[in-house]
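There are two complexes below, and they share chain A, which is joined by chain B in the first and by chain C in the second.
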Partner chain A sequence: MRTELAVVGAGPAGLAASLAAAARGVHVTLIDAAEDAGGQFYRQPAAGLGARRPRALHHQWRTWERLRDGLAASSTVRHLTGHHVWCVERNSASSGASGRSERSAAFGVHALLGRFQDEPVTVHADAVLLATGGYEKVLPFPGWTLPGVVTAGGAQAMLKGGLVVPGRTAVVAGTGPLLLPVATGLAAAGVQVAALVESADPKGLVRRLPALAAKLPEAAGYASRLLRHRVPFMAGHTVVEAHGEDRLEAVTVAALDPAGRVRPGTGRRIPCDTLAVGHGMLPHTDLAETLGCRVDGVNVQVDDEQRTDVPGVWAAGETTGIGGAALALAEGHIAGRSIAARLQGTAPDPREWAAAASSRTRLRQFFAAVDSVCAPPAHWTEQVTDDTVVCRCEEVRAGTVREAVHGLGAGDLRTVKLLTRAGMGWCQGRVCGPAVAGLAGCDLTPTRRPFARPVPLGVLARTDHPAEADHTTEEGPS
Partner chain B sequence: MNPLELARAQPGPAFTVTLDGREIEALPGQTIAAALWAAGVTSWRTTRGEGRPRGVFCGIGVCFDCLVTVNDRPNQRACLLPVQPGDAIRTQEGTGHED
Partner chain C sequence: MNTRLTCDVVVIGAGMTGAACALYAARAGLDVTVVDRGPVAGGTTGAGEGNLLVSDKEPGAELELALLSNRLWAELAEETGERAETGRMIEYEAKGGLVVASSEQGLAALTDLAAGQRLAGVVAEQVPADRLRDLEPHLAPGLAGGVYYPQDSQVMPALAAAHLLRVSGARLLTGRTVTEVLRTADGSVRGIRTGHGDIHAPAVVNAAGTWGGEVAALAGVSLPVLPRRGFVLVTEPLPRRVRHKVYSADYVADVASDSASLQTSPVVEGTAAGPILIGASRERVGFDRSFSLPVVRALAEGAVRLFPFLSEVRALRTYAGFRPYMPDHLPAIGPDPRVPGLFHACGHEGAGIGLATGTGHLIAQALGGKAPETDLAPFRPDRFEEEAA
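Now for the complex of A and B:
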């Protein structure tokens, strides 16, 4: 299948970009793994569940309606659902972004479809927008591998998409703005939320108040909902241990001192069957790295037009730096307009997107302020006992990682992986990366993963990639 | 209040699947993981090394903790795989290839 623009990811950034580009005459193919558009933020209940009031699970619903209706009304955006993109390939002998239909496409977007994700399909495109979003960062603590301990975003995703909750009594813990909607969402869905545990120092919040003021009404809304559901809010606290044999039974929560150390003697046990925990978000950058885009720290680097340094490849939303749905919309909109102009061989006029650009500036500043307040406790590694599993896939314990670092001199993620197998399992270090970096005292650097998800060998063995989307997607996944 | 009531859901007819031979009810559109949570099940895998129980962790297909065997196909991410009538879901032990 051939398209002008392939957008990978149907969340806020990908949708905004698709609509902006399509409105300017670009033929867009929007590719996403889910059965419905929305991404994580606007994840919709499965159609079969017949939700008549999905907005009860959501925020900024009117924005979603605008995106959803725009997608439905567009005749030039083709939405491919159930397509799990595993690699975007730069075709040789093509420079990208200047290609019109008579030239060979600059990029091949390889995806897997079907219920068991084993049918290959390739979309050929002149330009690519990476709107791959992010995932949650969780730092380890004793007991975090017990069933019943889930990521905060995971609890929310299961609630939004499947209308299910993991238990009866939950503690929501960690740090960052995601914890508020997760706690209020679980409470509204009938879960008793025994505590919302935020490690950020309340004094730090107050100090950054001017920078955070724009969101105060939203925060006040959450505060009133927490109050209504009688959710105790414990700022400056952290979960130090999850208890249970084969299932979570309780957590111990303790107070932090201003330096980010647990105050001795403050531990308090809270019975619960669910712990929803998160310490911020990380961008998905696999596709960008394989394409050779410059990644700075953990974020894909883009210019003012949202262009990466690879011609023909744009990026927008969380993949360029965590900043929430509103920022993703602004970035997506700018990217879509830039792509439309560049595909027509003209330079865009940034004045056309001045409003989006000023939102982008404001929201990036806001999230920089959030980041400075909502950081994990400075001394979190002190709570990670040597027998705590750090790499969940390969079951590598903290003591083994420490031995590799202090005994064998490993100073980076890759060396730790080679010595201990931490990061070598199914998730390819996506989950344990931040933990290993913390224990090793090194920066979290992106791991080069040629494939963004597991690919059957039979698919890789097919060199001709004969399955074009036109032939295989009309009936949808079997 | 429960999540279905919160969203005023009117699901299609429930159907039966099995978990290790035991019948459980599932709703159309749910993932395997959602159906198992709704049935009160939170772990359906044991790890390769230490045989420890695992279930959903990230819930969005990133962590691979929720791997499960469905219709004799091991290593399926329960949080992504839509449940279908008659599915035979089995607790996955280790790699899922040993039995």
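Now for the complex of A and C:
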């Protein structure tokens, strides 16, 4: 009734780790909420759509084929689809990952499945790899809740997963490396991209050129595509407002000064029916937090083997720090090899993964450079009017948050939440956390979310939680 | 930046009790400064349900304090602040409590308790089994009966603390850790030292809740306040389906228990904002914040047993808090005879929100040198010293 390794997340990191561990004899259960492997990066068109050339929407298609085929061919990786993990529980009696004994498993991975996510399943495992990925950060501005405003990643998911485009005329805005593929992807799909608005200072981009050079060929590719589709690139600019009655009709874009303030009088109105906006990514750390793993800032802390400070728990990919698919693959590969060795009671030899380690180093440096350049405007909160909704779940406005800080003595995210309800709704502050932190002038600290997703009380109350059958004896969906 | 302040009284702790002490002291004409190492409501206040209960208390000093507090809460709720009624700002709701018994035996014990409470001034109405669903239509079938307590009420505790602090007009200094209680040569209090400077005052109120023992130690006295952990489960927002605070008769026994091991008894209530809150667990495990799935499972199981419809309802979040527990389950309220000028207002266990107003009121009377309205003898801060001796 158990597996040796439970991998949570079937994106690049989880797939790479599963295959690396399985190749060394480890029985792996790969658990993911989606119906197909791939995660966000290798999101595939739904089978029913009959896509002829899905690769047109993807980079590194060959890598994906290798992972996909590896997963299909593996007899020791069991892939559980449609499993929404809500908690990883550490069984107190055992310390984990110290051998294939007959002891009780060290971890219980609790998931929900079914159309209504109300059927409980528990996978018992000796070791756990958290490859839970990241999610998009979006900061509020007046008009951001209008229909027609989507996240950059959301626009990309519509392209990759639904083969649909969100509108006819789009502005892509915000900051970070995701904006380029979104703009070129939309343009290639026939959307008129009226502007690509990046808040990063163009001088900063140039200053960081040496570090960014590693990715220059890729960037050059995007640049030529932007050129080909005649997409105007506006660096050092930001969207200050989205306009429209019932849905988006236009945005106002303005220039930023070097301090990150909007330059008065530079506003320009651009008509569009779609605004794809994103301000970078944040790691999913809920499961790690609840397990007690050390989280530094917003990233799960790992050592050179991708181990967290909780014995038996590894982490790889965006959850340890945003760095894209290539970094996730490297980290996943290293984690898989480390886990295989540790489960067999031996210390791994890092020389075996020297290539992955060196690309990990290079990519982390690259994304540190990206991070230092691609930041939201320093004074973005000045554009947020008091009546701008900040927490969409609970409909809390910026003015209410400001009042809690300046009038009621709130000083951190938790107190703002208690006094305003910002972050108490369905998303539990995942969306509004960065915005509330910015408005409150405090750090974005990870919120404790023992339930990584909502759990029916009836599931919690059940004492006879069904366990996944032993994957060495059972095949197919349960 | 270092600051030096002088005032009449320093309240340590910007939680519910500190806020109430500040409010009543300021209304008595004193110049009050409230300091806290964290933000407002950063400790147990921010982790509780906001119960203002008379139903769960046996006749005695605590029940008397609860009845006084209950009256004061109702008065405060009717006041009108700058913008709206205080009651609305703090989500005050006089919704009443319903205690249910699942067995005849439990019902007999509950009926006895209610009889004693009535003599002490509590309104307690016996509810036969076939009338329970008039009060709570979604209750499980098969319960033996219950008692309805119309005086039981609720506030949103963090809002209550923040708004009472604002209404008090007291100076609020958050993010300041008290490092020392300053004393004169004869040993009496002359203020406090913080990382941001000294604050001089002839009186200091220890309203540090679960951390009240640490503050007492800074003044050189012992006060045995211990943490008793509890988890609360919060559901998705729903239209009102649970009208009262509903709990099982076992709860009273759990509250009074001295055991360190886990006890859970279902406590279920709807809130003005929509989510249903589910308690209550009690464990003495120190300040361990780590999540315990078994405890939360037990809470869910108890809640579903009382209200079967909850089985389909989703829990969105859960959090733990630390009740300030004292060995005899009574708070420490009043002047500390061991250190002139030091007052305690902490150790209310799980009843701190409810008892805050009465506590603040009595502390203000003591600060003003008046005879307190209620006998403070059962709450004497030095009562454990004698036992030890």
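Brief remarks follow.
Please note the rule applied: the second predicted complex is superposed on the first by the 463 of 478 C-alpha atoms of A that agree within 3 Å, B and C clash if a C-alpha of one lies under 4 Å from a C-alpha of the other, contacts with A are read in each partner's own complex, and residues count from 1 in each chain.
Convention: a residue touches a chain if its C-beta (ideal position, glycine included) is under 8 Å from a C-beta of that chain, and two chains touch if they have at least 3 such contacts.
Predicted, not measured: the structure shown is a model, and the values here were computed from it.
In the superposed pair of complexes, A:Leu419 makes contact with chain C only, with no contact to chain B. In the superposition on chain A, contact is made by A:Gly161 with chain B only, not with chain C. Look at A:Gly153: by the touch rule set out above, it reaches chain B but stays clear of chain C.
Using the contact criterion defined above for the overlaid structures, shared-chain residue A:Tyr135 touches chain B, although it does not reach chain C. By the touch criterion defined above, A:Arg247 lies against chain B but remains apart from chain C after alignment on the C-alpha atoms of chain A. By the document's definition of touching, of the two partners only chain B reaches A:Gly190; chain C does not. Which of chain B and chain C touches more residues of chain A is settled by the count: it is B. Looking at the shared chain after the overlay, A:Leu457 reaches chain C, while chain B stays out of its contact range.
On chain A, the surface patch touched by chain B in one complex and by chain C in the other comprises residues 425-426. Residues of chain C that touch chain A in their complex: 14, 38-42, 46, 158-159, 162-163, 165-166, 172, 174-175, 233, 235-237, 273, 275, 278, 290-291, 293, 296-297, 299-301, 303-304, 310-319. Residues of chain A touching chain C in their complex: 87, 89, 110, 118, 290, 292, 404, 407-412, 414-415, 418-419, 421, 424-426, 428, 448-451, 454-458, 460-461, 463. Note for the complex: chain A touches chain B at residues 33, 35, 40, 45-54, 56-57, 115-116, 135-136, 145, 147-151, 153-159, 161-167, 188-190, 246-247, 392-395, 425-427, 430-431, 453. By the touch criterion stated above, chain B contacts chain A in their complex at residues 1-12, 27-31, 33-35, 37-38, 42-43, 47-50, 52-65, 67, 73, 75-76, 79-82, 84.
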